[in-house]
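Next come two complexes built around chain A: one with chain B, the other with chain C.
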Partner chain A sequence: MIAEIGLTTLFAAFIAALYAVAASVYGGRTHSEGWVRSARNAALATFPLLAISTAMLLVGLINQQYQISYVWSVTDPSTPFFYRVTALWGAQQGSLLFWSLLMSLFAVSALLLNWRSHRRLMPYVIAYTMATLAFFLGLSLFYENPFERFWILSNNEVVRTAFIPANAVPPSSVRLAETANGLNPLLRHFGMIIHPPMLYLGFVGFVIPFAFAMAALASGDLSTNWINATRRWALVAWLFLGLGLILGGRWAYDVLGWGGYWGWDPVENAAFLPWLIGTAFLHSVMIQQKRGMLKVWNMFLVIGTFSAVIFGTFATRSGLIDSVHSFARSEIGFPMFLFWAGMTVVSVGLILWRWNRGELKDEHQFTHVLSRESLFVLNNVIFVALFLAIFWGSFGAPIVSELFMNTSITLGTSYFMQVTPPLFAALYILMGVAPLSAWGYTSLSRLGRALAVPCLLTLAFVALMFIGGMRTPVALVGYGIVGLAGFVALYEIYRGAAARRRGLGETWPRAATALFARNRRRYGGYVVHLGITIIGIGVIGSTLFQQETQRTISLGETLRIADYELRYDGFTEAIAEDGRLMQITDVTVIRGGQEIAQLRPRIDRYPQQPMTIAGAHSTLENDFYVLLIGWEPVSHTTATFKVYINPLVNLVWWGGLVLILGTLIAAWPAEPLAIRVEETARGRGRAGAAA
Partner chain B sequence: MAQATWEKPSVSASDLPRSRGRLKFLIGGALILAAVVYLVVSGTMAGARYYITIDELKANPSYVGQTVRISGAVLGDSIFYDSENLIIEFTISHIPAEVNNLALALYESVNNPNMARLPVRVENQVKPDLLQHEAQAILTGQLGSDGVFHASELLLKCPSRFEEAGPDQSIGQHPGA
Partner chain C sequence: MTRLIRTLPSSPWRRTPPLHIERGLGGEVTRNWIVKLIVLILLPVLALPAAAQDVIITDDEVNAVARDMYCPVCENIPLDVCPTAACADWREEIREMLASGFSEQEVKDAFVLRYGERVVGTPQDPTLRALSLVTPWLMGAAALVAGAYVLLRWQSRRPAAPVVEAGAAASRATDDDYRARLEADLLQRR
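And now, the complex of A and B:
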């Protein structure tokens, strides 16, 4: 029954989305209010329908309905309740359904919140969001159906189909439960639990700005309306995407046991690409809002972001590229590629059409190299260069060599380590300089005066490091460049608050609060810059100064790394709740004769594979990260450990928190959401009464 | 809310002749483009690795000593791990470059004694949890003159374990059969 309800509602949502596309396009073309409203109602209906469908799959997972092949493949009777819930996005079929649910949630929220304020755009917003949704629902229905069940045919063959075949019977539930697969143990980690939903929210979130941009092109309302309507959507999507990336890194760091968090793997890069181009977009829309420039460029960026989202999903799920992420090769590659190509061609076509008609002319020209807009354009150019360089390294080179050179060439980590640092450095420099420049024109001396204090602070910072014993030139230069961006942000916040204090006689805390409250976008932006600076310092430290060693030591003996010692204290075995065997060592971390931490690096024996769980002692200064490698089998008198010291790695996570805070400040609506929804509802009531 | 907050006092637009201004932008743009192209090209030269099959590696002696990327199916019985000195040794067997069902290709490869096989040695690496029978190993390294592939990078995939596998046919009997 669960599967039938789930399947029916999934199908109904698919039909509703298709209907919404047709009705909204027709309504938009004929200016028929009735059709557009009908399309909106159909679009709104997709969310409850998909919520029911997803709930049914969840019920199946929680109630152990192993006849549903998805449930069978991602859980088993020993799976704890918590992981039964998260198994919803543990594999392809479930995560596609979950993706569609989130996509529908975003589309419905955008329709409710922006219905009254952007009526002219709405028919096409419905059309674009629902076309995307219908595509993904179609994948779920026809390629990766989450409600397929196992059946035994009359010739004893076991098949999985969505509908019951003639004369088939369900397999015995006991046998199904015995043979069930269980969730991939690598996915049992808090980072992996929230990382996919965050990433999906980021991915689907970018569909909203894209839909509004396309609606602007289709409807001919080419003012900044579409940008005003979607700035917050883009920020929220950008935030979730960033969070998803950071959590993914955290997962890799904790689970994969190589002491790193970013490996330039194609799948990681696939999620990083939309973030890069989305960041460029967030900056360049400011120029259109302020100066009426870069209209075409912004359109290309928003299409680029959406295109990168769909391409990333395609690359991740189709098995296009060999990657550490063991996603199955799947049938959905080809339809996804068609959808991606089709959407891109249609969007670019729309831009060229409007451009050709002269409707995307800029209102100002670039005149000075030293102006806010020129520096923003430079920032954009570098973001796009970074995007292209990473795309080339992950996908371009392998695909081109395969297509045209009859061989396959891949680019290793060394490519990325060589190409990306100069570009990142350029971005950090611009992050320091651009906020201090003025629109139109900034004289060099003026810019120099504004930069003087942050530059002095940066010099002091680098000098302190030099005195502290840091002698690596690359690191000193890197810290200087990254530090400057941070000091500019801090100094600007300080200057703003100081001006209020002087002018209005406010106390420091009051001046600071008022500053942020009055100028959320600007000062939220500075806090984001600060977060990126902190992440940058963490990345430089943990990349350049990681230390590692490995040794076999006897009970009571210590191994030495830097000024730390690690003592092997004992070995125990335990059985966890879900039946896995845990082989645990007790170790003590000693520094300067002081015992500073007790750690328990261990190995968990899952039926599918063993899993190495690191022990880590985290401080702001570094992580002391221990992996248990092996031990003397019977007596356990010796054990082998691999130890990493990862300097400043925690700044990467802390910087992420600052980044969240800054984005929230920048995106926080002036009027509470409830009021806007209420207004929309009132407007609807009036419109209904008038009709 | 106050949207207009990135405002700074702006000087009136054009006090440079337009063509000179444009030229500056063109030169600047060309320089940036050249720098990026240089970075990408030199990075590609340094980082490019041929991704080849075991058959191709064995068929062409010019690959000996050259850094390449290969992929193969891991033979579980061959795995040897010296955890004290961090040496991993195992044998992989050929899988074709294009496969539709990776799990099936891996299964067929390890069970076919006629498939080309290649001993692999990885030093200074902890044995990955996924290194097991029938996993797909993707390795970067060089084929030595000793016939052993010395890998500096080891990546593993185990598609058969999850998702693709279904229950075997012993799961039940049709009552009418």
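And now, the complex of A and C:
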């Protein structure tokens, strides 16, 4: 019954989405309010229908309904309750359904929140969001059905179908339970609770700005309406995508045993690419809002972002590129490729059509090369260059060499470390300079004056590092560039608060709060820049100064790395509740003769594959990170460890948190708060003046 | 100038004169690939374990080479951190090769010869390497040219009247709304 309900509601959602597309397009073209409302209702209906469908699959997972082939493939009787829930996105069919549910949630929220304010765009917003949703639901129904069940036919053949074949009987539930696969071991980690949902939210979230942009092109409402409607949606999607990337990094650090958080793996890069273009869009969109410029470019960026989302999904799920992250390969590659190509061609065609008609002309003229808009254009150019370089390394070069030179190649970390650092450095420099420039025109002398204090602070920062013993030129330059961006953000916040304090007599905390409340976008942006700065410091430290060694040592013996020692204390084996064999070593970390931590690096052996679980002693200064590589099989008298010292690596996670905080500030709809703070401030100011 | 590589009596990787790498004045490397291929084909037959008896190659030295290599089976996981048995075997093979005097580059060349370009993080073939490494810079340059074109196009559309530096007050006026409002507040208080 569970499968039947799930399948029926999934099919009903598919039909509702298709109907919404047809009704909204017809209603939009004929200006028929009734049809548009009907389309809206059908679109709204997709969410409860998909929620029921997803709930049915979840019930199947929790209740161990192994006749449902998806449940059989991602869980087994030993799978804990928690991982039964997360198994919902543990393989292709479930993750596609979950993806559709989230997309429907975004679409429904956008319709409800923007229905009155952007009425003219709505028919086309419905059409684009529902067409995308219908495509993914079609994949679920016709290619990767999560409700397929096992059946035994009369000739004893076991088949997997969504509908009951004639004269078929279900297999023995005991036999199914005995043979169930269990969840991919790589997915059994706390990071996997929220990493995939965050990434999916980020991915599907970009469907809203894309749909609004397409609606603007289709309806002819090419003002900044679509941007005003979608800026917050874009920020939310960008936030989730960023959060997903950071959590993914943490997962890789804890589970993959690479000793690092970013391996330039094609699927990691596939998620990073839309983030890059989305970031360019979030900056570029300000030029259109402030100056009415870059209309065509912004359209291209928003299409590029969503196109990168679909391409990344296609690359991950089609098996186009081998990756440790490709959990869900199947035959959906071709339809996804067609959808991606079709969607991109139609979108670009629409832009060119409007452009040709002269409807995307800039409203203002450019005034000077030295202005905030030109620096933002430069920022966009660098983001695009970074996008192209990473795309080329991850997908372009391997595909081109395979297609035209009949040779498979892999571009590894060395490629990305050659190509990307100069571009990241340029972005950090712009992050420091651009906020100090004015719209329209900034003279060099004014820019120089504005930069003086942050530059002095940066010089002092670098000098302190030099005095502290750092002699690596690349690191000093890198920290200088990254530091400048951070000091500019801090200095701007300080200047704003100081102005309020001087003018209104506010205390520092109140002045700072009021500052953020009155211009969340600007100061939220500075906090985001601070987060990126902190991440940059962490990345430079953990990349340039990472130390590693691998050695085999006997029981009681120590190995030395930097000013640390690692002592091998013992070896134990244990069976976990889920049946995996855990081979655990006890080690002691010693620094300056003092024992500072006891760690238990281990290897977990699942039927599918072994997992290397690191032991880590984390401080703000660094991570002492140990991997168990091997041991003497019988006596365990010797064991081989790989030890990393990862300086400042924790700043990557802390910077991520600051980035999230900044994005929340920038996206928070807090007009009433701003007004309240403002009124309070005015009241205090008057009272102060009266006194 | 010829650099002679040490020979290891007990090693199956022991160098014979044709295997020596000869470096010309320009640093150009010539290799006897046919002989090397024969050695590589015979590799499984030869008693590898004997190789490492004389020269001890540490795990760190092996990992330094393996870091930029990938086995064709494991999915984009660098060889130095891949936990599978197949990759452990490869690392042992690298150890033997290093012990017998192969340089890092020669080890990579040998693996590429056997398994193709995919096993290394940067293609060894000059054409593929150039294609891989030069293309992103060309694309970056193209993006920069496009950006410059946009700015120049904008500038050429600039109104004829000279743009006077607006000074602090006017510049602030074109700055963000908040700053303008803040300045207004401050002026009021004065």
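Rule of thumb we're sticking to: the second predicted complex is superposed on the first by the 656 of 691 C-alpha atoms of A that agree within 3 Å, B and C clash if a C-alpha of one lies under 4 Å from a C-alpha of the other, contacts with A are read in each partner's own complex, and residues count from 1 in each chain.
Here, a residue touches a chain if its C-beta (ideal position, glycine included) is under 8 Å from a C-beta of that chain, and two chains touch if they have at least 3 such contacts.
Just so it is clear, the model here is predicted, and its values are computed rather than measured.
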{"item": "Chain B versus chain C as contact partner of A:I409, first or second or both or neither", "value": "both"}
{"item": "Which of chain B and chain C A:I399 touches, first, second, both or neither", "value": "neither"}
{"item": "Contacts of A:W439 with chain B and chain C, given as first, second, both or neither", "value": "both"}
{"item": "Which superposed partner A:R522 touches (first chain B, second chain C, both, neither)", "value": "both"}
{"item": "Contacts of A:S73 with chain B and chain C, given as first, second, both or neither", "value": "first"}
{"item": "Which superposed partner A:L423 touches (first chain B, second chain C, both, neither)", "value": "both"}
{"item": "Partner chain(s) touched by A:L370 [first = chain B, second = chain C, both, neither]", "value": "neither"}
{"item": "Touching partner for A:A385 - first (chain B), second (chain C), both, neither", "value": "both"}
{"item": "Touched partner set for A:V296, first chain B, second chain C, both or neither", "value": "neither"}
{"item": "On chain A, positions contacted by chain B and by chain C", "value": "257-258, 322-324, 326, 365-369, 374, 378, 381-382, 385, 388-389, 392-393, 397, 407-415, 418-419, 423, 438-442, 518-519, 522, 550, 552, 609-612, 629-630, 640, 642"}
{"item": "Chain B-facing residues of chain A, complex", "value": "69, 72-74, 91-92, 150, 152-158, 160, 167-169, 171-172, 175-176, 179, 181, 184, 186, 257-258, 286, 289-290, 319, 322-324, 326, 328-329, 364-369, 372, 374, 378, 381-382, 385, 388-389, 392-393, 397-398, 407-416, 418-419, 422-423, 437-442, 518-522, 550, 552, 608-612, 627, 629-630, 640, 642, 669-670"}
{"item": "Of all residues in chain A, those that touch chain C in their complex", "value": "256-259, 263, 265-266, 297, 321-324, 326, 365-369, 374, 377-378, 380-382, 384-385, 388-389, 392-393, 396-397, 400-401, 405, 407-415, 418-419, 423, 438-443, 446, 496, 499-500, 502-504, 518-519, 522, 548-552, 603, 609-612, 629-630, 640, 642, 685, 689"}
{"item": "In the complex with chain A, residue positions of chain B that touch it", "value": "1-16, 18, 21-22, 24-25, 28-29, 32, 35-36, 39-40, 42-44, 46-52, 69, 71, 81, 83-84, 86, 97, 99-102, 126-130, 132, 138, 140, 153, 155-159, 161-177"}
{"item": "Parts of chain C lying in touch with chain A, wherever the complex brings them together", "value": "58-60, 63, 67-68, 70, 72, 74-78, 81, 83-84, 88, 116-123, 125, 127-128, 131-133, 135-137, 139-140, 143-144, 146-147, 150-151, 154-155, 157-159, 163, 165-166, 168, 171-172, 174-178, 181-182, 185-186, 189"}
